[in-house]
Amino acid sequence: MATYPFIEEADAGPAVRAVYEDIKQTRDVDWINNFWKVLANDPAMLKRTWESLKQVMAPGALDARTKEMLYLAVSITNGCDYCTVSHTAAARKAGMTDAMLHELIAIVGMANQTNRLANAYRVEPDEKLVEAAKGPKG
Amino acid sequence: MATYPFIEEADAGPAVRAVYEDIKQTRDVDWINNFWKVLANDPAMLKRTWESLKQVMAPGALDARTKEMLYLAVSITNGCDYCTVSHTAAARKAGMTDAMLHELIAIVGMANQTNRLANAYRVEPDEKLVEAAKGPKG
Amino acid sequence: MATYPFIEEADAGPAVRAVYEDIKQTRDVDWINNFWKVLANDPAMLKRTWESLKQVMAPGALDARTKEMLYLAVSITNGCDYCTVSHTAAARKAGMTDAMLHELIAIVGMANQTNRLANAYRVEPDEKLVEAAKGPKG
Amino acid sequence: MATYPFIEEADAGPAVRAVYEDIKQTRDVDWINNFWKVLANDPAMLKRTWESLKQVMAPGALDARTKEMLYLAVSITNGCDYCTVSHTAAARKAGMTDAMLHELIAIVGMANQTNRLANAYRVEPDEKLVEAAKGPKG
Amino acid sequence: MATYPFIEEADAGPAVRAVYEDIKQTRDVDWINNFWKVLANDPAMLKRTWESLKQVMAPGALDARTKEMLYLAVSITNGCDYCTVSHTAAARKAGMTDAMLHELIAIVGMANQTNRLANAYRVEPDEKLVEAAKGPKG
Amino acid sequence: MATYPFIEEADAGPAVRAVYEDIKQTRDVDWINNFWKVLANDPAMLKRTWESLKQVMAPGALDARTKEMLYLAVSITNGCDYCTVSHTAAARKAGMTDAMLHELIAIVGMANQTNRLANAYRVEPDEKLVEAAKGPKG
């Protein structure tokens, strides 16, 4: 159904294969999911996207589970079905429980609601909150 | 600028005042931000929205900081400026550091990007990921 | 602030002036709002947009007030501030009361919430609802 | 396909069953649609969402048909397929004719168009419209 | 699956048939795609939409291929699957190569990312850029 | 107003300064716009974002003007004001005329409209178009 065929590992050229190997090693999985197999039709995009994603999703100040949950919250908001599936799965793998998923979904729903209430009434940011948002360095 | 005047605490009727008191107590703050002061023009909406929000944002399987960060990720994605300000401030109050905020923003950016790559190439969810998304109960 | 200057009535060429006259007559107003004054920098776009809008917003099976309220609900959802202001004003002129506006906003908020709950849980349409959506002709 | 199994009426615990009964009675239907059967995997979310929805969608200053049509306009704008189906069906049940549906869709399309024209040209709200939007109380 | 039946050419009334003939002639095709066959359930919408689209998509200062690619970039961003398919096909017919499509998708992804970075950090437009955006006439 | 202070060139550390120099050289400009000066609060994000953008926006199968116009079309659709300003300016610098900008905006408006018509009527992709979208390699 995808616009381009899946590039399977066996058929991949060396540039694509190198990214696939890095994906498998970084994520500790033994297969490549469809997203990457379609991106591989443009090896430069595959490499650029994977390298950015790898950097962004590596545990840092936030742990892997929180990171996957943030990714999922955005994907649900945008209505991206592929990403909703893949990041629900990834967040579960990183330790998200059913209770956490339900809470995440409740927050995503609530935020989408209040975002529109703020738009509708044209509420101006409070000066105190603008300052507080800047943090100690701002 | 808002479509309705701010209902200040001193001018609020008893129903609105009761919600304001609950907001201040629940959040341990001594003032009410503009969002609620505008919603108070419709006391039923104020009460319903606050009670849902209070329930959804109470610490549960997820801690308060993670919850505020999820709220912020949605608000940024939707381009809601008021909510971006108020939830950046709230997440900081709940312990979000600069490093965490930068990581959150990087994830929001990346998710918005890959959501569109998945749309563009019409990638179908992998059967394995659909199963993994369901979790042990699914 | 707009990217193009406002084309005032006094400075408009005959093609733009004809549209301005039709706007004033159709809406029973004696001035032209900024949206049209900016579109007038491209007279073909001004004419095409106005003629479609005039056709779409003319009372038909739905009355003018309902039509303006639908327009407003979309504009709030998209976070378009100009359109939120102009269609709040237009809906009021067509008879929308404060109570109606609050109800409209509550629905817009609720729909934005449940739209994401449906995305998040990947709920499939019920066959019965698909049939009911088609109506007697479908 | 949904991430959680449908909780059928026969298998529901008392908290879920109570909500199901209220849905059936309020809407005068003898079955529960998939949306609620999936939400029922989190009984607190089921109850909170239903109670808010029931309050928001009860006839008030706006009649039930107008309310369903507003809900539908938002759902189409957001591209939520489940909600588009279910609220097209609900609006028809509340009296929306084919002619009304076509007019609604035309408005949704037009609003999505002019929202972007306003963004593109960065049109500033007219002071007169800002005042008119506030209404008599503002 | 669509909410209304497809109006086939053989079954179309004269108003619909006239639009269909114009579509086939303008686009040099010998069949009508589903989008128009569904719109034909409301002949006025069919005619208005086609005539606007025909005017907007006719080669002008921009060539047909660039126009189809802009249409596609919007459709991907909005997650409209039908429009993504139909405008990928149309852009290819107008000369878009695989390399161009990959570049387009990369830009759409990148723009969706940086749009959110700008939202997140609340970056204000540079006065110099505001002036430059206005062009020589602004 | 931004959440973080602008990192001016004079105050930048060597990592940020190196990116700033590359931006100025690549774009043939002698100043840094606010977007980058805010991102510089997170030097890793500055570098990653700039390097991806530089790669994606370099002339390839598509020329620079077409690329900037695609970027602008997405930014308008998402309602990102900063990006609308900066990419209108950039597209003009790359040769976009007023006539081209008006045509671009007309297409963005039209696509946002028909995207919703397709959603509303739940139109299924034509098999012929799905095949044509795949191109010769698909």
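Just so it is clear, A, B, C, D, E and F label the chains in written order, and each chain counts residues from 1 on its own.
Just so we're on the same page, a contact is a pair of C-beta atoms (placed from the backbone, for glycine too) under 8 Å apart; a residue touches a chain by one contact, two chains touch by 3 or more.
Being a predicted model, the structure only gives us computed values, none of them experimental.
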Chains touching both chain B and chain F, listed by label: A, C, D, E
Any chain in contact with chain C as well as chain F: A, B, D, E
Chain separated most widely from chain A, comparing mean CA positions: C
Relative to chain D, chain with the most remote C-alpha centre: F
Comparison of B-C and A-F (more C-beta pairs in contact): A-F
Rounded Å distance between chain C and chain D, as computed from the means of their C-alpha atoms: 18
Centre-to-centre distance between chain D and chain A (centres being mean Cα positions), rounded to whole Å: 28
Multi-chain contact sites of chain F, meaning residues that touch two or more partners: 1, 3-4, 41, 45, 48-49, 52, 56, 77-81, 84-85, 88, 98, 105-106, 108-110, 112-115, 117, 119-122, 130, 133, 135, 137
Contact graph of the chains (line, ring, star, complete, other): complete
Chain A residues within the chain B interface of the complex: 1-4, 31, 33-35, 38-39, 45, 49, 52-53, 56-57, 60-62, 66-67, 69-71, 73-75, 77-78, 80-89, 92-93, 97-104, 106-108, 110-115, 117-126, 128-130, 132-133, 135, 137
Parts of chain B lying in touch with chain E, wherever the complex brings them together: 76-77, 79, 81, 84-85, 105, 108-110, 112-117, 119-122
Residues of chain B that touch chain C when the two form their complex: 3, 41-42, 45, 48-49, 78-80
Chain D-touching residues of chain A, taken from the complex the two chains share: 79, 88, 98, 102, 105-106, 109
Residues on chain D engaged by chain B in the complex (per definition of touch): 1, 3-5, 41, 44, 48, 52, 55-56, 130, 133-135, 137-138
